[in-house]
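Two complexes follow with subunit A in common, the first pairing it with subunit B and the second with subunit C.
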Partner chain A sequence: MPATTLTNSYDAAFVAEVRRESEQNLALCYQCGNCTAGCPVSFAYDFPVNQIMYLVQTGRKMEALTSHAIWLCASCETCTTRCPNDIDVARVMDVLRHMARRENLVAEHSIHAFWNSFLSSVERYGRVFELGLMASYIGKTGRVLTDADLAPVALRKGKLTFKPHDIHGVAEVRDIFKRYREHRS
Partner chain B sequence: MNIGVFVCHCGSNIAGTVDTVAVAKAALAYPEVVFATDTMYACSEPGQAGIIEAVQKYELDGVVVASCTPRMHEATFRRTVERAGLNRYMFEMANIREHVSWIGKDKDANTNKAAELVHIAVEKLRRNTELTAGEFTINKRVMVIGGGVAGIQAALDCADGGLEVVLVEREPSIGGKMSKLDKTFPTVDCSSCILGPRMVDIAQNPNITLYTLSEVESVDGFVGNFDVKVRRKAAYVDWTLCTGCGECAAKCPSKKTPDRFNEFIGKTTAINIPFPQAIPKKASINAAACLMLTKGKCGACVKACPAGAIQFKQEDEIVTEQVGAVIVATGYDLFDFTQYGEYGGGRYPDVITSMQYERLLSASGPTEGHIKRPSDGKEPKDIVFIQCVGSRDKSIGRPYCSGFCCMYTAKQTILTKDHLPESQSYVFYMDIRSPGKGYDEFIRRAMEEYGARYIRGRVSAIQPKNGRYLIKGVNTLMGDQVEIEADLVVLAVGAEAAKGAPQLAEKLRISYDTYGFYMEGHPKLKPVETNTAGIYLAGSCQGPKDIPSSVAQGGAAASKVLGLFSKDKLASDPQVSSVSLQRCIGCAKCQSVCPFGAIEMTQFRGMTKASVIATVCQGCGNCTSACPQGAIQLSHFTDNQILAEVHALCPY
Partner chain C sequence: MSRRYAYYPGCSGQGTSREYDSSTRAMCQELGFELIDIPDWNCCGSTPAHAVDHLLSASLVARNLAIAEDMDVEGIVTPCPSCLKNLKTSQHRMLRPEFHQEVQRVLGRAVRADLPIKSVLQVLVEDRGIGWIAQQATAPLTGLKVVPYYGCIMNRPPDVMRFDDPENPMALDNLLTAIGAEVLPFALKTDCCGASLGTTRRDVVARLSGRVLDAAAAAGADAIVTACPLCQMNLDMRQAQINKANGSSHRLPVFYYSQLIMLATGQQGERVGLDKLCVSPFSLLESLGPQAGEVRS
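For the complex of A and B:
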């Protein structure tokens, strides 16, 4: 790994943007490691979550946004619950995912694809249509056999219907997406 | 004689590896022992009550307690037997904790050894006699050595308590390290603004005699009656005439004299007043730099001085002060970083110490408070601070934490941002140690509000690069190597014992640790006392300390002296030597080995005989070993008593 040159590695705009979007002050973090201590998916991370926080603290944008960890995060919020400085760590992770998406820096394509399929299903039907989501995800990733073994069980329990769920307020859910897009633009 | 033996468990400290019941049982077989028992904590209230009860019930004439070291509880048990109606010297202690239970795991062997130590104590006690303390008068003056903030506090508190104080300072002005600081943590208040008035108080207090540019030459005597010789070094200026106007310095042609007060950043003149707030505000000549004193020609200051105070022929003067107590507050010195090759070993002009940086920050410093690089006078933009330079490094014999560097580095990053808002500070640290009141909050402020970038890791190299410096190091939080291009590097140099500290300790007969810091009487319970009666410690001479702790210790040492002087007379220790006139042959060997000058040779019916000055004798026993006749004996440690102890252990 080449040495990081701290004189110019600090991206002040990135630090400010994370701070604004997450409404969290990362300068408060004193690197105690409580977030990583409780993280249930840290085993799969390339950077443990305290290092992700450190990358944001020290303005190292590319390393933060191209990390796999932000996509492997399960959003369980154990980190947020345990942070002694009341930093909403999970929210920072979420903001980093948004930024990585916007800047085309997503490191985990299949997870990103799943999220996109999930959200478009919710936007369209007001609630996730499982079979449609599966079809969309497989279409985007070609991962035909992922979790295929669960299908018979889910089918038998009526968890995989062939028609989208019929719910009230589909239009309202769509409005949420609309408002989000307006807010972003 | 009826002897009682009490074998202490000390909880499990002793009982864990010594069969105390068996020791007590064995003790019953020793001569004249009429009562023996084991006890949970002999020093506790019920433990002491048990001793008193046994003394009365069994009509004991002497008591042996087998427990810890006499340094811990001899005084305690002497008071106990006194309360029981015995003479305090009819008591012996067998140390079965430090000498037995803490050092051995074999319970049988430990039990045997403990029983033997009790046997020794019993044989000694059988030969003890009742001793009574005398009294001697004390001189209620106190000397404070060192005019830093701890010494200033001690001197002012003693003077306020009505004592006459002699304050001795090595440098031309009092003020110590604190007078060199720009601001102080964690309040960022101006150092000279809070110290200056205290320094003026010293100068104006009628109870305080101030000797600056002076060092302690020798110390004789004992608690209550010390004779201290002080060398007043030649200033080459008659301070009774000098008004501190500064005309001499303005005219001095030797303008490239190294500036000690400014930590050798910038230059001064051969004759100078070290800084504007100096107390006393008197000029002195640096003999090594003065043209008149080195080459015999110049005399510009003589012409300039309106008071006619310059005296090139002035010589050192020795004054003797008689005092009853001494407070040592000689402070610390800063670690010389040039032995670290990775920081350039002193080759780079812009790699400076934290104290030099303080002088750059100070409005009365060589740059009048403008942060400028020593090399080219430019304002730095990127500044790297490196902590633990000469602290926590076993390889250079400095394994201890200097304690205040984390705090002053944070302060310096804050001041840097105040002076140069466009600057960026980086701090390489190992751990942050900020346990004082408001201290950790202060460190957080440096990071959160002032944007100091803290990097957990060490620096491996500083290399010049295009007029700047490339600092290479590690960031252990990320596990990667880092580089910073910076304009200025400030090394947080640690504290070490003041130069000459061991030599002064030997004059004062106090002990010092491996690093030259003075040893307190007890690490918790006697923090400002020493093991030499009448000598007290304050401030960093005992170990690195920040300003609040130094001030607290200065006050504490003063209160100890005031407590000591609250009595008009002190009890003399009866454990002193005395001479048997029949046996003494007047050879004076005892006089030659006495380190305290307590023996004088007198005439008795036309014969020369030794005589002990009881108030001067410290009971060391040198004379008794030297005496070829056994004529001089130390009370409570007579030859007969010591031989009885040896016989108890080696009967054949």
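For the complex of A and C:
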């Protein structure tokens, strides 16, 4: 990690915000490394999860929010299960993603695009429509070949539907998205 | 006595894991559970919703809970651990009155969020018992060597999921033993397969799922048995992708436990959905001999 620069000075408001949104007492972390030892995606992280916790404790907002790790986290809950101080570490990772998204600091664009496509499918139909989801994801990222090799298999097994599974109450689901956006703005 | 539950199928049950849905429904019918679909249920938002915002995630969940609260049932069940985690986590967070209020405002209706929510696996084990299920296994799967793969979130986080041991769960081990399979010890039973990164980061998935396949083969298993549609899809449909990325040559069938329970209780046919598995299990099942499961394609 680089020595002191402007971006890694202590940001007290950031620490308070993570604490409030995650409802976790971050000061309890004593850097034992248990979370990292069990983290399956650690090999692909730029900062292992215990270091993310350290960045949060020390108020280094930009490094935490622009990390790739927070997007690669698979939400497997192993860290939360094994933290000796009962910190819900996976929830902290979730909250950091929420903040990075709100502040336009997303480091992993394809993962972000996939989640947006997924949620648009839910908003539009009430359920996920896989084919539409893939089309929208490809549209957003240009990654045409993503999983193209799976399509013939899925098709042969009758696992791809061409019709969205829309629900009667789709207006209710859209209203949930609408009121959620109003609430957050 | 039949038990009545509201059933939350989850989106993958309509597509990539339709054989999990159909074999679960059939298994429950055989074992005396009445599953009533939550009418007009919506997607719980899965990982994308909780990764984007916990209020949005809980509100999508809450519409389903509210509908189920008008049903005459003793609780909600779902076969999918990812849906289960979302449903239970949202309910758990709604214990905080302020958050509960916020969710009701976004949902636009009242929700109590107090119905018990369980996996189908949990009610099977708790309501019926392993001993009773063993008695139903009239066509035991003798000679079938399997490893049980629970995936990462079936039992985690423990204070929300409240079922089985988070580090060494045994429900599937016990169930599979009860229906006559030989269950091998499997150190990776709760390791993550990387499913949530399936489409976006195949390199990560090839490594994580590859490890699970390698370990299953090294343990001497003929097949992997899972209770998670995301794990199953990753290990089965992506098995060729993973082999290619890792230079391996696995041909391991990946069953849903519900399919094996159907076979062991003498049920066959379309509802079991063995033909939906990408790595075909038929030659393996035929090699077990005539008593075991009596399988034909």
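In this section, the second predicted complex is superposed on the first by the 164 of 185 C-alpha atoms of A that agree within 3 Å, B and C clash if a C-alpha of one lies under 4 Å from a C-alpha of the other, contacts with A are read in each partner's own complex, and residues count from 1 in each chain.
We adopt the following convention: a residue touches a chain if its C-beta (ideal position, glycine included) is under 8 Å from a C-beta of that chain, and two chains touch if they have at least 3 such contacts.
Please read all numbers here as calculations on a predicted model, not as lab measurements.
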- Regarding the shared-chain residue A:Leu72, is it in contact with subunit B (first), subunit C (second), both, or neither? second
- Message: One more residue to check, A:Tyr10. First (subunit B), second (subunit C), both or neither?
- Response: first
- Query: Just subunit B (first), just subunit C (second), both, or neither: which does A:Ala27 touch?
  - Reply: first
- Task: Could you tell me if A:Arg127 is touching subunit B, subunit C, both of them or neither one (first, second, both, neither)?
- Result: second
- Item | Which superposed partner A:Gly169 touches (first subunit B, second subunit C, both, neither) | second
- Query: Looking at subunit A, which partner touches more of its residues: subunit C or subunit B?
  - Reply: C
- Query: Shared contact residues on subunit A for subunit B and subunit C?
  - Reply: none
- In the complex, the residues of subunit C that touch subunit A are 11, 14-18, 40-43, 45-56, 59-60, 63, 85, 102, 105-108, 152-153, 156-158, 166-167, 190-192, 194-201, 203-204, 207-208, 237-238, 240-241, 275-276, 278
- Can you list the residues on subunit B that touch subunit A in the complex? 382, 426, 444, 447-448, 451, 453, 455-456, 472, 475, 477-478, 480-486
- Mind pulling up the subunit A residues that touch subunit C in the complex? 40-41, 43-44, 72, 74-78, 80-81, 88, 90, 94, 97-98, 101, 108, 110-111, 114-116, 118-119, 121-122, 126-128, 130, 134, 137, 146-147, 149-150, 153-154, 157-161, 165, 167-169, 172-173, 175-177, 179-180, 183-184
- Item | Residues on subunit A engaged by subunit B in the complex (per definition of touch) | 1-7, 10, 25, 27-28, 30-31, 50-51, 54-55, 58
